[in-house]
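Letters A, B, C, D and E mark the chains in the order given here, with residues in each chain numbered from 1 onward.
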Amino acid sequence: MIICKVLGSVWATRKDDALSGVKLMIVRRLEVCNNTETESFVAADFVGAGIGDRVLVATGSSARNACGQADAPIDATIVGIIDELETGMGD
Amino acid sequence: MIICKVLGSVWATRKDDALSGVKLMIVRRLEVCNNTETESFVAADFVGAGIGDRVLVATGSSARNACGQADAPIDATIVGIIDELETGMGD
Amino acid sequence: MIICKVLGSVWATRKDDALSGVKLMIVRRLEVCNNTETESFVAADFVGAGIGDRVLVATGSSARNACGQADAPIDATIVGIIDELETGMGD
Amino acid sequence: MIICKVLGSVWATRKDDALSGVKLMIVRRLEVCNNTETESFVAADFVGAGIGDRVLVATGSSARNACGQADAPIDATIVGIIDELETGMGD
Amino acid sequence: MIICKVLGSVWATRKDDALSGVKLMIVRRLEVCNNTETESFVAADFVGAGIGDRVLVATGSSARNACGQADAPIDATIVGIIDELETGMGD
């Protein structure tokens, strides 16, 4: 899973039927070692994340395991809202 | 899913049978945080995207879930046409 | 799918049994937006591509859908020979 | 599999049900050829790794094979604790 | 598949049960176009590769098709030992 920050949301009227009702968030990957932000992408959200939250995102086929719809065309899903990162780096 | 811009289309007469009749579009990844364009690739289109549209693209095994043919050799599919991106960055 | 140019072929006598008789081509990814070539890798070929051809390559689990052997250890397959790329960039 | 160093752990109260009780560790990829550290991410741990350990991490759908829950939204798992790397580079 | 050079081996006493008896090799990706070496990682070996060999490595879910254990947490496998690369580049 990768650590991301939630930036916003995406709206698409014309879309694959399996995405109807799915909340789609724009997230940006965080590199915790030097606190930089890298690439952004879109993840489905089933845990109720809000803008600014640090979240865990599962990608690839594993992303579909979190959405209750193994057949949805979803390749990234927010699977947890991070409370705390505990590292040897004082974060 | 990643955010892309549709650039054009690809024609291939000799191809895998499962791709017959599939509309193949050239798309280019957009980095919304700094509005840059990065790598291009080819995605199947089942939602009727047009050149210049900003679209959502599902990749990997998830791409096959949008094509009605779980057995097609498709690893990227346009799954939505973006109406609006709503971020804290004033986009 | 990604757009590649066919560079050559690979010969391996000692290999996984499921690769027996499979034509293995060296391909190199093409970035059509600026006409540069990036990383090279090896793809199975079931459409009869030749050296110098521009081809479509499917990667990941989708690559196995083109080879008639869902159980082969193949992660990249040439699925089409490109006749024409039609973009707004005059290619 | 990739070689990583364990940096710490992640806590998330609100998360996908299938992640309940799963130990989530922050790991950072090691490039053994020049001993540099690259990107960090989060991996499930089922072998009891500790901070500072060098570990093997399986990614993608293969990561789910190590967790006893084929349906968990897990895309990276620590599958071994490295005792020794033996290379021609004197490591 | 990607072309790699075998650098060495990895030893892990504490590991996922499905990896017992599996030979794990450190490999480094080769870019044949300019003869450079890029990132290293660990691949299972079922064809008997030796240090210094140039090999074909299958990655992702396809890697499990070569190991006779569809359920092993393996995401990279050596599937062939390269005898010859034949390109238009005089390699």
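Just so it is clear, a contact is a pair of C-beta atoms (placed from the backbone, for glycine too) under 8 Å apart; a residue touches a chain by one contact, two chains touch by 3 or more.
Because the structure is a prediction, the values reported are computed rather than measured.
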item	value
Rigid-body rotation angle, chain E and chain D, from Cα fit (steps of 5°)	70
Chain centre separation (chain B, chain C; CA means) in Å	19
Inter-centroid spacing, chain D versus chain B (mean Cα positions, whole Å)	31
Multi-partner residues of chain A (at least 2 other chains)	60-61, 63
Direction chain C, origin chain B - full chain order round the ring	B, C, E, D, A
Chain B residues within the chain C interface of the complex	7-16, 18-19, 24, 26, 28, 37, 39-43, 51-52, 60-61, 63-64, 71-76
Touch list for chain E against partner chain C, complex	1-3, 31-33, 46-48, 56, 58-63, 65-66, 77, 79-89, 91
